[in-house]
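Order of writing sets the labels: A, B and C. Residues in every chain begin at 1.
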Amino acid sequence: MTTLLRATWTRLLTNMRDPQIRRTVAYYMGGKLLGLGLLLSIMYWVIPTAVHAATGAATPTPEINAVNTVWTLVAAFLVFCMQVGFVMLEAGFARSRESVNILVEGIADTCICGILFWAWGFAFMFEPGNGFIGTQGFFLSGLPATYMGTGIPLLAFWVFQFAFADTASTITSGAMIGRCGFWGDILYSIGVTGFIYPIIGHWTWGPDGWLAMMNFKDFAGSTVVHSIGGAISLAGALALGPRLGRIFKRDGGGPPPAHDLILGAVGGLILWFGWYGFNPGSTLSALDTIGIGRVSFNTTLAACSAGLAALFYSYFRSKNKTWDLGLTVNGFLGGLVAITCPCYWVDPVGAFFIGIVAAFVVVLGLDLLEYLRIDDPIGAVPVHLFAGIWGTLSLGLFASGAYGAPTPTGADTSAVIKGLLYGGGVGQLGTQFIGSAVTVVATLAISLVLMYGLKYVGVLRVSKAGELEGLDLHEHGAVAYPEYALMGVVPSLTGHDDTTVAATPVMVED
Amino acid sequence: MTTLLRATWTRLLTNMRDPQIRRTVAYYMGGKLLGLGLLLSIMYWVIPTAVHAATGAATPTPEINAVNTVWTLVAAFLVFCMQVGFVMLEAGFARSRESVNILVEGIADTCICGILFWAWGFAFMFEPGNGFIGTQGFFLSGLPATYMGTGIPLLAFWVFQFAFADTASTITSGAMIGRCGFWGDILYSIGVTGFIYPIIGHWTWGPDGWLAMMNFKDFAGSTVVHSIGGAISLAGALALGPRLGRIFKRDGGGPPPAHDLILGAVGGLILWFGWYGFNPGSTLSALDTIGIGRVSFNTTLAACSAGLAALFYSYFRSKNKTWDLGLTVNGFLGGLVAITCPCYWVDPVGAFFIGIVAAFVVVLGLDLLEYLRIDDPIGAVPVHLFAGIWGTLSLGLFASGAYGAPTPTGADTSAVIKGLLYGGGVGQLGTQFIGSAVTVVATLAISLVLMYGLKYVGVLRVSKAGELEGLDLHEHGAVAYPEYALMGVVPSLTGHDDTTVAATPVMVED
Amino acid sequence: MTTLLRATWTRLLTNMRDPQIRRTVAYYMGGKLLGLGLLLSIMYWVIPTAVHAATGAATPTPEINAVNTVWTLVAAFLVFCMQVGFVMLEAGFARSRESVNILVEGIADTCICGILFWAWGFAFMFEPGNGFIGTQGFFLSGLPATYMGTGIPLLAFWVFQFAFADTASTITSGAMIGRCGFWGDILYSIGVTGFIYPIIGHWTWGPDGWLAMMNFKDFAGSTVVHSIGGAISLAGALALGPRLGRIFKRDGGGPPPAHDLILGAVGGLILWFGWYGFNPGSTLSALDTIGIGRVSFNTTLAACSAGLAALFYSYFRSKNKTWDLGLTVNGFLGGLVAITCPCYWVDPVGAFFIGIVAAFVVVLGLDLLEYLRIDDPIGAVPVHLFAGIWGTLSLGLFASGAYGAPTPTGADTSAVIKGLLYGGGVGQLGTQFIGSAVTVVATLAISLVLMYGLKYVGVLRVSKAGELEGLDLHEHGAVAYPEYALMGVVPSLTGHDDTTVAATPVMVED
């Protein structure tokens, strides 16, 4: 049995290096997974589910609506601020030659997201239709002034959700840094924020989503935002292949160093700051004071325990006993991603351990990608996909059984969630597994089709010459730092030849 | 007729290059425009205007005042955060040799603004007096504890308005980068935040401002903040002339490249973030939940449509089909500036088109300045003055006729605004034109006098030697990045000689 | 008398250069000061003090609790954002070779603080026990859902106070930049956020703290956060000694230049932004609208007057009449630190002068440290310790006698504070002096023991070889900017030999 497993694994890895086989496998798996996803969907669609009653204890007053709206909008602005963090993190952890591209991409996907989420994304995701997709409210027309009995104005709720959609879109770009052409960027961004994110997101967050109906819970989006974003990013990295000259650890190389560690790490801290909008704001209710306090606390504690765990784990396993900045940042980000799903329902001890495990998931996940020769320049897949899966499952383990759901007038504890470790059995854990698996599998399947489609159309990856020149010069006619003298050589083409093109610094005469 | 126009235009351009003529024209126009402004002012001052009745539906309770104050203060803090964005944008888009100067200038004008806005700026702008200037409340003494029936504490409202005044002051510095001496900086900052901004701003935002009385509307300051700031900046650029060695496109050159595109673009995104305080906060009311939702939404959509339009427009007109980061950032900033005036009164479709047009205004405005040989290193004039004018006018086109004004207890729809495209006739458009024209003309006139005055006193522009050395070394005895090896040469003196001073990197020994 | 003083001073300075004597003095003073602190403590402990009655005018409603909680949490998030500012400020003002270390340190102390403040820090500081330490609520267990009748959820209050504790911890690192080993960083961080800050902080902010009982007032922490952080930092700098090659001004040298002034100054502005959470949020009450307005205003004005004073003072005393960016930033930061204690109780004129004096305290404090040959790379001691002491004392001078304390339902003016200059006598000034002195002395004593303890264990300072290599390479196996060509030489060893190791740029091959 062990021998068989090992042989299979070896063959799998060998095959991973053959682009022909990779393409075939991707298509095959895409099809299979899509089928499986549909089957599961239908299965659970026909199973009757009880929608737990909404509590309307008190009718919200104008004052209550005002404080809830302020809370939601301020949170939305903080989530928007995560764009600042993302572009700094990605640009800093990338090479300087591709950093302008990251900025243009980040801004372009924000703008595309705004237009599409207005035109149809919001309708697909948050308006009623069926379990799979919303079918009304295109261009937000014909909708009531407040969203679904929350008392939050529709347009304020839209801004909050736009910032979330934008996050998913930006996460996607992470593993595709450095070799994706800009038309490819634009087209997959349209796919992400126009279709994949809102449609699959509807299953969990739509008012009649089929995963929601079966009691799948994802408070602020470990699955809906992070796993979806991370899975699309993985599909992109698979379709693109590694950057030219990227030699993996098992072949004697390693990832190129971050060109500006300070920029990247500051970006990480800004993401942490923005997360205080992401998680606590997802209550949509400031009247649930105890709830927003708990969510803020759990978010903090999981980030702290994950950051420390990553710092110490990477220290003890390092050859020269060094304290790794990049892994520490990705560690606390993994903790933040993981706590995003369960943050409303767990107690401090739960948050602490969810963070610890997330750090290991991220660090080992980075190793796995490196081993599989998948080039993810900033670790988007481990941080967002892997830690997102862990966080989604963790609810089934750590939900303390004391908390239900926020409402505009306070906490509703009529239908609490209890995890395995708190005596709640495996019910919620099973549901979380199904929700996470279905979402990840469906996202991977669809986005592999999207990414390979773009690849065969010829817009996904830039030419070799363009990539060697650097995406910034090639796609944007600019370099990030024209006045600084740079060192370093352009990478040679892996395995094909060993031409080393010397970097020619761009002389600036103004 | 066409021949005459062309001849006039050619002569105008030739004259623009003669400093003697430029000076004369500036004085002449300054005088004329000042006269015209005064005439218009008096004209409208004597025309009786109906002040539409304030609605006091419900007496604000302590709870209502609290949530309104929290909203206003949080918004104020976000607006303050725009200072972070501005200095990053300006420093990043400038050359490294003048970036320290930008930071000192940004901090100094913030500090000057704080003192002067306390001493008399707030009194000039927001306290009663006559249509032209406020005449009470110097050092805020003798004023009631809350501002004008808003329920917002006077000092909280002051912090909000201080952040706005500071924005106007920082905008001013944009087109004057790289050659303005620091005593000049200080003196014009005093002129801007102590006199020009608060006095001209009083006309629109003062409780008895004469433009306000004729129903001129500027919700969050496309005119009051951005056009005023941009117009002063233009006056500064005219008085200063271009940086040494700045060769314009029609002479075979082009603007020097941004020394740190990442820094500049991140600054742009932080400005977007801060704009969520600027526009939504201008309701001063969280009880008008629908209003703050609409303003937040419109702000987002206009930024997105403008960013996309600038991205694609600059792509399609570029020679090598490149996606321009700088233009995209200036594009979405133009969209934000434009939506700032009408954001409360337009519907999504309006916001969308206001953004699209703003992008073209900015990109073509940059061309115009380049053609007129006006050196605006970061595009402050197109973004703030031109897009500000467009935004102010756009209200007269796109106001949907459904919205009136926010009050402490909710929206007041007793006096709605309806634009030309929504069947409201040309009335509001005309008023907007007058308000914008009067403000811009008066600002230009006064600030040309200020800037040329400083020039003749000899404090506006640094010496040639100082400019060649770089403002940072010359005015601040420091360089931004003493450890980095820089490339590039100091620009030769345009037209006078062609000495090229080699850059001598500053060796650091600690 | 004068001769005697001069001789003593000369001997003191000579002795300062002898490490053996320095060590002895430090221990001796540590012991003495600890004794003095305990004596003072006991003295005041037995003096009966009147606890002024809490006003419970209105029972807070859910709406009131909601708006107070939103206010407190948003403030907490802004305070967290100060971490972003701190790491940028510290990294920018340091040399590039130690900037990665600053980032790892900043993140690590945040994470450590989160865990320890949950485990016991919060219990030590904010829960009842005796005048010296809190003795219940470890791991927050067994505590009520809201904090002490504020209506703020315990966990929300925790997040707010965690962000404060984290600030103290990060301040500590400032004067220890560039030569502290990472195990030393971790261990002293545990000491700071696990013991020194929460225990000494309890004296002032604990519900039964002995300094609080004698009416010592520190609204948002000039003493509790800034003086404690600054004093620990000073102890660290004394224990560490200067960086290798650091030659002081009186020996013909000067501090090494900031490696990225833009990064540092932007960090300073972000700190100002975050301070709007720090001070106004410390009301814990949005219902006290007038109070939060006044605090926001005073914070702004003191920062502005301090920034301007530092700018002009440093200009007029500079040899070449240059405007110093670093001093201006440290100037406004000093103003912010100083106003932090009195911000609730002073009027605008008070805030203005508190800022002015703070600027001089900071600039002259930097001179003093340079004269005493204490190496504080970013000026943490003058900004946080010296300006913190000034701010604490200033309350005794400038408290206007009109304001008491915020409560959940509004301002309580039953027990106002009046300073010397407003006719209140020297009572409050004396109390402020005692509170500041006791806190500083106790902190210095304990932290000298901690730092010298770590030094003798051998984990405080890295090896000479490691320091010459740069902390980033030595402790983290990374450089901040591997692609940039750097200039500059590694400093020679002071006084021992004059070997100058040429910087060998790290070539990057990816």
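Keep this in mind: contacts are C-beta pairs under 8 Å (C-beta built on N, C-alpha and C of every residue); 3 or more make two chains touch, one makes a residue touch a chain.
Each chain and its UniProt protein: A, B, C = Ammonium transporter.
This one's a predicted model, so the numbers in the text were calculated from it and none came from an experiment.
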{"item": "Overall pattern in which the protein chains touch one another (line/ring/star/complete/other)", "value": "complete"}
{"item": "Superposition of chain A (Ammonium transporter) upon chain B (Ammonium transporter): rotation angle, C-alpha, nearest 5 degrees", "value": "120"}
{"item": "Distance between the centres, which are taken as Cα means, of chain C (Ammonium transporter) and chain B (Ammonium transporter), whole angstrom", "value": "37"}
{"item": "For chain B (Ammonium transporter), residues that touch 2 or more chains besides their own", "value": "63, 67, 70, 74, 260, 481, 484-485"}
{"item": "Chain A (Ammonium transporter)-touching residues of chain C (Ammonium transporter), taken from the complex the two chains share", "value": "62-63, 65-67, 69-70, 73-74, 76-77, 80-81, 83-84, 87-88, 91, 99-100, 103-104, 106-108, 110-115, 118, 139-140, 145-146, 151-159, 162, 182, 260, 263, 475-485, 505-510"}
{"item": "Chain C (Ammonium transporter)-touching residues of chain A (Ammonium transporter), taken from the complex the two chains share", "value": "61, 63-64, 67-68, 70-71, 74, 78, 95-96, 245-246, 256-262, 265-266, 268-270, 272-273, 276-277, 280, 286-287, 289-290, 292-294, 296-297, 300-301, 303-305, 307-308, 311, 318, 320, 322-326, 328-329, 332, 348-349, 352, 409-410, 481, 484-489, 491"}
